[in-house]
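Mind having a look at this structure? Questions to follow.
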Amino acid sequence: AKAQARSYGQRGDIRGVYPPIATPFTCTEDVDFEKLVENVQKYGKMPLRGLVVQGSNGEFPYLTVEERVEVVRRVRQVLPKDKLVMAGSGCESTRATVQMTEQMARAGADAVLVVTPCFYRGRMDSRALVHHYTQVADSSPVPVVLYNVPANTGLDIPVDAVVTLSQHPNIVGLKESGGDVTRIALIVHKTRSQDFQVLAGSAGFLVAAYAVGAVGGVCALANVLGRQVCQLEELCLSGRWREARELQYRLIEPNNAVTRKFGVAALKQAMEWFGYHGGECRAPLRPLSEAEAQQLREDFSSNGWL
Amino acid sequence: AKAQARSYGQRGDIRGVYPPIATPFTCTEDVDFEKLVENVQKYGKMPLRGLVVQGSNGEFPYLTVEERVEVVRRVRQVLPKDKLVMAGSGCESTRATVQMTEQMARAGADAVLVVTPCFYRGRMDSRALVHHYTQVADSSPVPVVLYNVPANTGLDIPVDAVVTLSQHPNIVGLKESGGDVTRIALIVHKTRSQDFQVLAGSAGFLVAAYAVGAVGGVCALANVLGRQVCQLEELCLSGRWREARELQYRLIEPNNAVTRKFGVAALKQAMEWFGYHGGECRAPLRPLSEAEAQQLREDFSSNGWL
Amino acid sequence: AKAQARSYGQRGDIRGVYPPIATPFTCTEDVDFEKLVENVQKYGKMPLRGLVVQGSNGEFPYLTVEERVEVVRRVRQVLPKDKLVMAGSGCESTRATVQMTEQMARAGADAVLVVTPCFYRGRMDSRALVHHYTQVADSSPVPVVLYNVPANTGLDIPVDAVVTLSQHPNIVGLKESGGDVTRIALIVHKTRSQDFQVLAGSAGFLVAAYAVGAVGGVCALANVLGRQVCQLEELCLSGRWREARELQYRLIEPNNAVTRKFGVAALKQAMEWFGYHGGECRAPLRPLSEAEAQQLREDFSSNGWL
Amino acid sequence: AKAQARSYGQRGDIRGVYPPIATPFTCTEDVDFEKLVENVQKYGKMPLRGLVVQGSNGEFPYLTVEERVEVVRRVRQVLPKDKLVMAGSGCESTRATVQMTEQMARAGADAVLVVTPCFYRGRMDSRALVHHYTQVADSSPVPVVLYNVPANTGLDIPVDAVVTLSQHPNIVGLKESGGDVTRIALIVHKTRSQDFQVLAGSAGFLVAAYAVGAVGGVCALANVLGRQVCQLEELCLSGRWREARELQYRLIEPNNAVTRKFGVAALKQAMEWFGYHGGECRAPLRPLSEAEAQQLREDFSSNGWL
């Protein structure tokens, strides 16, 4: 019932759970489209709202412009029509982001996720970020979702910039990966009149985020435990908070392991264990050491997942 | 019913809301015991679980050993017996903390709140912190509550150290002020077999903390909006999450203002506006500038509190 | 005499001062090759060792692959043959860096400067960085210079990784922009047997860096006060430390202003004041506000430069 | 000649090298005055300018008020009259610092070293710090030296505050432990008209600091390698920079080892190896593990000191 009620019209409704999918590489570090397609087919059968393609877990900074677009095109071809493709189109410069956004839309993206430019982080204040996102949203053929991921960018979009940007008709939400739930609550509070949608950027604080008004999550862990993250969403939406909490507890350590503790290589390793194709990482990312793989396994098994 | 059900027996039950009370000073920067007593009398009439005396908001690092103990003694004299006094007894050295803990217990504290020593933060690893807290808890006449406040200490007690310490029979909980709700959930999860109690260290993330298993809060804002914070607790405990969330939203900006944005001077200024005695701060803390006071007022008024 | 004594043979000698040149843009944000060429002609007449093209001040993350290569090609065409072109060829992935390095060499670069990949900074440990730089250096047709700039990357190459990499026959030095002179001294100390060359990454600590064994500098300020930075080098090399110190003092505030305080927009503004073409920045970088420009001017004029 | 030329008159001349002495404890963690006295007698025979008593390496936050004063009194009794005693008198509150300063002066301190108060670091801006230090200097019977040690305090005194305070007749200098030599140079530059003296806070960047105008050092390593640090000073003062650099290199790793890498416990361990009394640390500081002690030894032996 819930899922059906969601319609992705003019002002895109982006509520729900999305795995930010990994990009499998072959042993020569080329994109392994075959494996990618098989993963997407599996995700297509789950109660996910859609897929984030080219989020941080997709190793997008390691892909060429052509690869980025082609991956999105292939995913869109395979994914059932009722699932959304949210494509990461952020680049460092505004003009490159504008162009990438157009290409992503042409490749079939339903929305774009635009990470904060960050190389000149000392100058990426509200003025610069509002200008950047406004330019991108003005020209984007599809709705724009802001993407705040301080662990990778060393930068937080200031709350006042988010509030300003929430008033843009083509900016529909924010993926907030920082884990500061007070900030999430404040953003929900200050953007209410705009029907602005906040997605938690991690499964680690999904229940807390729902408790303060988030409407979904982009969760690396959903690449591995997709049904469980969807179940967590369902428990929150139906007000079964006690059960939600119990499930939440068991997801934190596996989630930490595939994100900040061991990163993309761990996500890909865990995907192999759970029946997906992780494949190689592109260098300079290295595969896990034996000891790391052992700890990763322990983080899943001690919580009853392996 | 809830409050009555709580009993503070051998294994102290510390659930509930506590303001970490301010220490009013006279214009010559002496402790103003008269004003202190009047504040405590007002707090005594609210559905608070008790008071934290000598938390960070109490300017404890600015008090002499004698003043610290005397403030606790006076508060205990005035506060109704069914309210708990949780006294901050943390010092940099283990031996000073042990002694202060004993003095606090003698002065009537029901429990002690022990902040992490932090001057040599580079060496305050799990080994050092487990040793410190174990020594303190071994000799303390009253239950010990760990106190993690990275904004002041530049240090997080590692989760593994908290888990180890949760097994000590005289360590009953943790006040977590860092605002990382994933960490709070993980600590609740990993200490479940110990009946270890986690208190949120701020009103800013109280709903989220309850959602993941915290059982109370030590909230600076409760010095000013004590009834509202108690109401927030009640809404969480009774499962009225939607109402809780609405109230939560309106507390975030006032809370930020009296904590990280403007600090103790703002807390004391707001106390004056709401009918309490804030009094002066001790130097080197300075009173708010005109512009800061104006912003502080705006943070309350824009949320409907002034 | 000094400059002539330097020969750039098999094991490239990179000693000396380099401005990391700015990339002037037109008002439509296209590369303004005409202005670029005019700047380079001016720099060509100074006692600089060469130019760094596509350092952080060159807004390289905002250029396309084609633009990056073309800028290097044009600079090489115009710059006198006895001056070195050190081209920034760093990308996030190893494979892109390998390709860019080859393109830069073909475009005429005498050496490449390879910034640390940083998006997945949590995983960019010694193992990953040694692998990355080794791959790049193995295939590079020209000598490789490591580039550590934590203000932009949020990452420091570990000293042990630098020591390991210094043993590679095609890695000749390090541009260290972090400003930690103890680290610079330690790196010089631990790489002595390798004839590894350390360049200070800023004019702000050039004298201190020379005092502990650095052999040159890549200094944003040399875009504006090129002769003065060369004079500072000459004073250090000839042991006139007292005069060096006096000149050093007057360069710190202007240098801070065009780097961490106001960034590339300030560098370009100051270039205009001193007879060079700064041009526009590419978005999301914004031009200076009036107040910032005023402060920038003050930082130069109070030290006697304007 | 140099040493004799230094006179400590009205405007105290504090140039030279000082070890910030350790406080040896007995196995019951009491101050071991006997061992302290023996150490001081040895230091008294070296060409040190004096001793810093109660610096960070003296574990001052672990001492009671009475112990802090008594340690200074004993040191002054034993140390030859021509050596200075610079006593750490910093406390968190201004009033406690004022009182401690007076007690230190009465106990025989020639000058006081006042660390930045830091618990409320978010509010310790220029306004607060200028107020604090002005109050202390106004009432101090002896000259005041500012003490900036961000590794312990998480705080940097803003340069503008240092410049303002340098104009106070009773504030004669700054111990700068942060290691940012650009900052040191800038402070020397901006306080020149005040005859303000900057001391490097570590042996790791002593040569660089001298190169940009520092006039001495407070060096933990001088507790162990006192003659070598004095020799390093002499090489800098006599302009033998090449020799200075060579000696500097060999001191960096031992210095890092006894400071940020392993801290006070390592300093005390190394003191035992070099014929001094280190003694125990007070808890919560822990003794070195076997592995740490082994690494510490390696840091000395690989540089030819053991």
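Labels A, B, C and D are assigned to the chains in the order they are written; within every chain, residues are numbered from 1.
To be clear about the criterion, contacts are C-beta pairs under 8 Å (C-beta built on N, C-alpha and C of every residue); 3 or more make two chains touch, one makes a residue touch a chain.
In this text the structure is predicted, and so the values were computed from the model without any measurement.
K.L.:
Using only Cα atoms to place each chain's centre, name the chain farthest from subunit C.
P.N.:
Max centre-to-centre separation from subunit C belongs to B.
K.L.:
Counting residue numbers used by both copies over all numbers at the interface, does the subunit C-subunit D contact come out same (over half shared) or different (under half)?
P.N.:
same
K.L.:
Roughly how far is subunit A from subunit C, centre to centre by C-alpha average, rounded to an integer in Å?
P.N.:
35
K.L.:
Go ahead and note the Å separation of the Cα centroids belonging to subunit B and subunit C.
P.N.:
Chain centroid spacing, subunit B to subunit C, equals 50 Å.
K.L.:
If you look at subunit D, which of its residues touch at least two other chains?
P.N.:
none
K.L.:
Which pairs of chains touch each other in this structure?
P.N.:
Every touching chain pair, ordered by label, is A-B, A-C, B-D, C-D.
K.L.:
In their complex, what parts of subunit A are in touch with subunit B?
P.N.:
Residue positions touching the partner: 179-182, 185-186, 188-189, 202, 204-205, 207-213, 239, 241, 245, 248-250, 252-253, 256.
K.L.:
Enumerate the contact residues on subunit D facing subunit B in the complex.
P.N.:
Contact set of subunit D toward subunit B: 29, 56, 61-64, 92-96, 117, 119-124, 127-129, 131-132, 135, 151-152, 154, 260, 262-265, 282-286.
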